[in-house]
Structures are given as structure tokens and as C-alpha cells.
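Paired with chain B in one complex and with chain C in the other, chain A is shared by the two complexes that follow.
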Partner chain A sequence: MTTTTPALSGPKPLPPPTSLQQQSSAQRAPPQPQQQHTGLRTPSNRKTIYDRNLNRTRTTELSRASFAYLFSEMVTYAQKRVTGIQDLERRLNEAGYPLGQRLLPLLLYRTSTPTHPAPRPTRILPLLQFIAHTLWRHLFSRSADSIESSSTNPTEYMIIDNEPLVNQYISVPKEMSQLNCAAFVAGIVEGVACSVGLGCAVSAHNAGEEGGMWPGKTVFLIRFEEEVVKREGAGK
Partner chain B sequence: MSYYFCIVGTRDQPLFELEFGTSKQGGDGIARFSQEARHMNPFIVHSSLDFVDEMQWTNNQMYLKRVDQFASSHISTFLTPTSTRFMLLHLPHPPNTAPQSTASPNSFPPFTPYTSTPASTTTGSRSSSSSSTSIPNNPTSPQTEEAIRAFFGEVFEVWIKAIMSPFGSVEGKLGSPVFRQRVVAAGKKYL
Partner chain C sequence: MLARVVYSLIIINKAGGLVFNRDFNSALNKVSVNDLLVLAGTFHGVHAITKSLTPSSLGIPSKDRTGIEVLESSQFRLTCFQTFTGTKFLLFTEPNQPNVDVIIRKVYELYADYVMKNPFYQLEMPIRCEAFERHLMSYIRAK
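Let's look at the complex of A and B:
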């Protein structure tokens, strides 16, 4: 997962070795008091998040171990403060939601070129494809395993992942067998879909069979609101 | 041309406002809205949000181009994927001289858009002769459309950087002076 953490506090800059740098630091010095006056605090290297290139972390990957550690801490933190499994899943979902809101514009920005701006996924199918391919590839370096639509309910769609990365190091106790910590990923999906204007609720369900090929198979069930499906039908 | 730029959140709340003037063709980058126009601008922009809401589902581009016109003010819109709207109101400088106000008595608005007509006769004659398609004078030309696209593209990038902060909300006010500085720079560069 991508983070754009600004270098908020760096070590003090070393004395500049060349005269050119000395000159530039001398030029920089005067505005300092004024900046303090306006209440704007900038890091010592004077780089803000606005100076960072958005494509800088495009191909970099984070350590899986550190992610697993952080995620297990998140689950533990949430678990201490809830009354039941549903509550826990809701908390994880809420933790993922803002991530989806932010990833949507970022990923569309990255897939755009000046001459061919990426279109906004305003309809259900392009949106699902965006989630299952672009988003999944960004988060997990691979696409989701399949997209299905419910045969009984026209408002329901499913994205299926045979082996969710977030569940890799999580063993759910027997008495909580309903729990699926991929609710966090469901929250991300919900954040993406809702912020584009296709209101929906997303939940993660265990669908693996004991002894089957994919015991950790997870179905992300996306229930769109009635209006969304109606609008989809009207647009055809 | 004078510009009024506003970022509007999904609940129609303004998140960021900026007024600036053209920097092309010797412009000084200062908005020349009259006092009245300055008050009217937010209303004009707000009223065109309805058009944007309609176009949101028929047009899947982010840049919706010119969506609305009120008197001589034109409104261009950029719709981010999260339905935050960048609204740019642009008002061309009047042709060159005073009779402009009496030329069309039936048209809106009743107010005169400028406190003073910008400029000496020399710039006036130059612009009228050379620049029916240039950015500062013709809000409907393809050149203007492209310039605004480039401006929005740059603001979009800065806006993403702003909302990436995990400590703020996507719907929060954009109060960072660095953000403002970047938007002003983009305006200077393209418009």
C-alpha cells in the first residue's frame, strides 16, 4: 500500500560544503521568520508533500512482514473495543473506507496521460473492472480472481479472491468462524465505489471449503443501492 | 479575462476559493471583478452545479469543459473521481471601450462587470486586431479550452497531494498556504 508521508522532521542540515549552497541557504534564511509568523511550519529541508512526485512510489513495494504486523495490530486494537464479530468487521470496514476514497483519484491520476485522461468509472461494470484489476494490482500486485454477478439479485455483484493477502497470517479461532478480516479490504472497495457515486455496501464472506483447493477463498459481496441499478438501466 | 476558481465538495460546500486575473498578453494577474460581480460569482457558480450533477452520469470524462454561461461569465468544470468539483468562472475583459454597457440592454446582468475598462487604447486595439482566438479574450475558443484543461490538470495533481494526508478528510477545507501558492502558480502558467 502506498503512503505519502512527508518528511516532517529531518535531522538538522549539515553545514553546507560549497559556497554555492551557502549562498542558497543564505537566500533562504530571511523568509523563515515570516513563515513562522503565518503559522506555516515546513520541514528543515523545506520540502512539503506538495513537492513530492505522485508517481514516486508507483512501483515500490512494502514489506509484507511489516504490513502483516501492522494489520494484526489493527485487528487487535479493534477487537478490544467491540461487542461482537459484526462490530469488529464494521470497524475494519471503516478503517479501509478512507483508503478507498484516496486511492481512487490517485490511481486514475496514474493511469492518465496528458492526451488520454482516464475516464471516471461511472457505471457498474467499468467500476468493478477498475476495482478487480487496477486497485487489486496496486494493493496486492495481482488481479482479483473473478468478478461475478448474482443470478438472483440484480443489485448484487461479487469479487472473488482465492487467497486474500490480508488473511495470510491470520488464523481465526473456531468460535469466531464467521469472522473474515478481509472486511478491511471490503471497506476499501466500498470507499472507491461510494466516492465515485455508486452507493453500495460491501462485505467479506468466507467461501472456502475444508480440504478444497482454496481454503481461504473470500467473496466480496457488493450490494448496490436500488437507485444505482435503476440509473444503470436507464442509461442503456 | 478575470477568473474566479472554487473547489466544491460533494455536499455543495466550498472548500477553496481564489480570484485571479490573466497573466497572458501582459496581464498583471489581478482579477478585475466589480464589487457587485464579486458578490455574484459564488451564486453563479453554485447555480451551475445542477448542470454538473446532470452531466456527471452522461459524461465519464473528468474535464467537462464549459458547462454553463451567465451573461458574459463562462463556467468550466473539472469533476474529480470522488465528485469534488473544480469550478472556474471566467469573465472576458470587455472588447475595448465604454459603449459595451449600452450595447445589449436586455441581457443579464444589470451590473457592469468591471470597475474600469482595462486599459489604454493601444492594448485595446492590439487585442481586438490580433486575438479573437487568444486565451484572454475569447472564452469559447479551443485554445482557452486547452489552457483550462492544463490548469485543471495541474490543480488536480496538487489536490490529490492535499487529500492524501491521512489526518485530514477528503471533504475538508483546503487551507494550506502551499496549496494556494501552487494553484496561483498554475493560474499564472496557463491562464
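Let's look at the complex of A and C:
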């Protein structure tokens, strides 16, 4: 290495004799290796997110402000060419779904130890626990506020978050009061649940009361498919 | 304890339009929206004039020349804070209210958080953000 660097840094011996007849500017600025601009920026130490250890990012946190701006742009983007609130929520949900599919194996990998591999949650209750604790803690650094099951419909379960991080800076205008931008988080939950084979549809609903302690309270309603609940009952 | 010493807040966009106003003291006379719009526009103009009044002999670079910052009368004090993008925050307080700069910076912080990070807010348009008003009121009340 030490023998090659002086040759690279000192360009004077490099130009062949023919270049003396060529433009003098070419001599002053020897041709540099052309940088390929792909538009992707890499850190100065050349370590991208793909070079990092999967486990090492466990404690690193992101700036909340930069996430807020990014999410704000995501909502603005999703709002383009939508026909209504349902359509907008569907788009946010679809944006979160692949995230859930990828987070499941990542989180299972991280919670595993060489001697005790973490089992994949294959039943409803362990799955809800996994979502409300492991997933929530990974995404928002805290657990969800509660898990409830519907008293009227055995296929419905609810995860309740008093103050969803994604909605922290968002004020929904009066004419769109049905909208809850946490549909994005609902999409993540749906992605996780469908990846373990418990098919369901997840939606986010506003449950905060005006002037109450938690005006941004959100209920994530998880509607499992009939056969999922049937299978759950058969295994007991 | 006296009545609340922060009277009201006005936010003016970079074009001189009124985008937000809120009274924190119910004892104040009501000002019509029309008058408020005129007030905002007038202040915007006066601010621009005062900015160009800085004597050039002082050798202050033009980017450091600020316009009117404080306007005081026997009954109230008007403090103006202008952001880098030209948005102005006007805070009407009692003349002896201390730490107005701290209050106005906090208001700016709330604006940056709950207005600028809200995907439903359109730039330079009137502010109708419920979360901003909620946090603003609870901050001023706690003062």
C-alpha cells in the first residue's frame, strides 16, 4: 500500500511523452477516475445500511423531527389523486404493509439468541403480544397502551395507543374528521399478522374525546378472517 | 395574581397577510377581523420601512438589519419576532412582562412542530391546526 500511494498522488511522472504536444490544461489536471453518480449517497466510510450488523441498530434512534417531515410528505403524496378518505387510508395502509412483512423476521432475529431461537407467533394472543410489545417498542420505544378483544365479535381484537407517534404533529381538518393517518401503522400491523399466516384486515380509528386527556387516542381494529378464528378454536 | 399578562398573538405570513390570531385574555375589546387584517398589513409595511431606515454609516450588513422589534406604550408592549423565512410573530403583552423572548421562541417552536409538520397545512394560508391551538393555549395558560 505504501509503495503505491506516492505513485498515485504524484501525477508528474505519469503523463506519457506524447501529452507534451497536447493541451497544457490536460497536463495540469490529470484525468481523474470518473465518479459514477447513481444518485445514491454513501457515508464517507463506505458503510451503507446493508453493511451494518443487523443487531447493531437495536439502540440507535432516529430524529423525530425528520420522521415527522418524511411522514408529512408521505401523507401529502398519498393525498394526490385520491377519491376519498377511504382511498387515502388504503394508500397509507399499503405503504405500511411491506414494512410489517420485513419487520417480522428482523425482530424475530433480534430477539433470538443462539441457544433460544424466538418462536414465530402462530396464535392470536402471542401475535397480539408480539405486536403490542416487541413491534411497538421497536417502532416507538414504548409498548402499546392496551390490548382488548371485542365482546360482541370473536374475530375482532383491538390494540389501543393513546398517542400514536405518527399523529403527534398532525391536525386533521374538520371536513376529514374520519381520517386517521395511523392507517400507516395499521398497515404495518396487517403486514406482520398476515406474514405469520393469520389473515386479517387492520384499520385505525379515532377514539379520543374532545377536551379529554388523550385527544389523539387511536384504536387499531384487527378483524381476523373466519378460518383463523376457527383454527384457533380447534387447536384448544 | 393579576390577569394574564400575555394579551394576544398574531402571526403574519411573508406577504403581509394575517394567518393566525388568538386572544388570551377575555377582558380585551374585540377587534374585527377586517381591522386585524389591516393591522397585519400595516405592520408589515412599517416593518419594511424601519428595516430600510438603518443608517448605512453603521456598516451593518443588510442581512443583519432588522426592522421594528419592540413597540411600547403605557398599556401594552408589542414584540415582533421575524423568522428567516419572513414569517412574523407579534406578541402583545403587559409592558413589564419579563422573558417575552422566551415565550415568543416557544411559540415559534410550537409553530414549527404543529403547523409546519402538519401535512394538511398549506403554506402561507390561514392556520387551522387544532393541535397547534391546543398546545399554544396550554403553554400560555401555564405561564
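Everything below uses one rule, namely that the second predicted complex is superposed on the first by the 185 of 236 C-alpha atoms of A that agree within 3 Å, B and C clash if a C-alpha of one lies under 4 Å from a C-alpha of the other, contacts with A are read in each partner's own complex, and residues count from 1 in each chain.
Note that in this section a residue touches a chain if its C-beta (ideal position, glycine included) is under 8 Å from a C-beta of that chain, and two chains touch if they have at least 3 such contacts.
Keep in mind that what you see is a predicted model, and the values were worked out from it rather than measured.
Participant: Let's test your reading of the overlay: on chain A, do chain B and chain C clash or fit side by side?
Facilitator: When both complexes are placed onto chain A, chain B and chain C end up side by side without any clash.
Participant: When the two structures are overlaid on chain A, which partner does A:73 contact: first (chain B), second (chain C), both, or neither?
Facilitator: So A:73 only meets chain C here.
Participant: Who contacts more of chain A, chain B or chain C?
Facilitator: Touched residues of chain A are more numerous for B.
Participant: Look at A:229 in the shared chain and tell me whether it touches chain B only, chain C only, both, or neither; answer first, second, both or neither.
Facilitator: neither
Participant: For A:201, select first, second, both or neither according to whether it touches chain B, chain C, the two together, or no partner.
Facilitator: In the superposition, A:201 contacts neither chain B nor chain C.
Participant: Applying the document's definition of touch, where does A:120 land relative to chain B and chain C: first, second, both, or neither?
Facilitator: Touch partner of A:120: chain B, not chain C.
Participant: Is A:158 in contact with chain B, with chain C, with both, or with neither (first, second, both, neither)?
Facilitator: Touch partners of A:158: none, neither chain B nor chain C.
Participant: Quick one: is A:98 in contact with chain B, with chain C, with both, or with neither? Answer first, second, both or neither.
Facilitator: A:98: touches chain B, not chain C.
Participant: Aligned on chain A, what is the least Cα gap between chain B and chain C? Give it in whole Å.
Facilitator: 24
Participant: Looking at chain A, which of its residues have contacts with both chain B and chain C?
Facilitator: none
Participant: Contact residues on chain A for chain B in the complex?
Facilitator: 4, 38, 40, 48-50, 52, 54, 98, 101-102, 104-106, 108-109, 114, 117-123, 126, 195-197, 231, 235
Participant: Going by the contact rule at the top, pick out the chain C residues touching chain A in the complex.
Facilitator: That would be residues 113-114, 117-121, 128-132, 134 of chain C.
Participant: Show which residues of chain B lie in contact with chain A when the two form their complex.
Facilitator: 56-58, 60-63, 79-83, 153, 156-166, 169-170, 176-179, 182
Participant: Along chain A, where are the residues that touch chain C in the complex?
Facilitator: 65, 68-69, 71-76, 79, 169-173, 176, 181, 215
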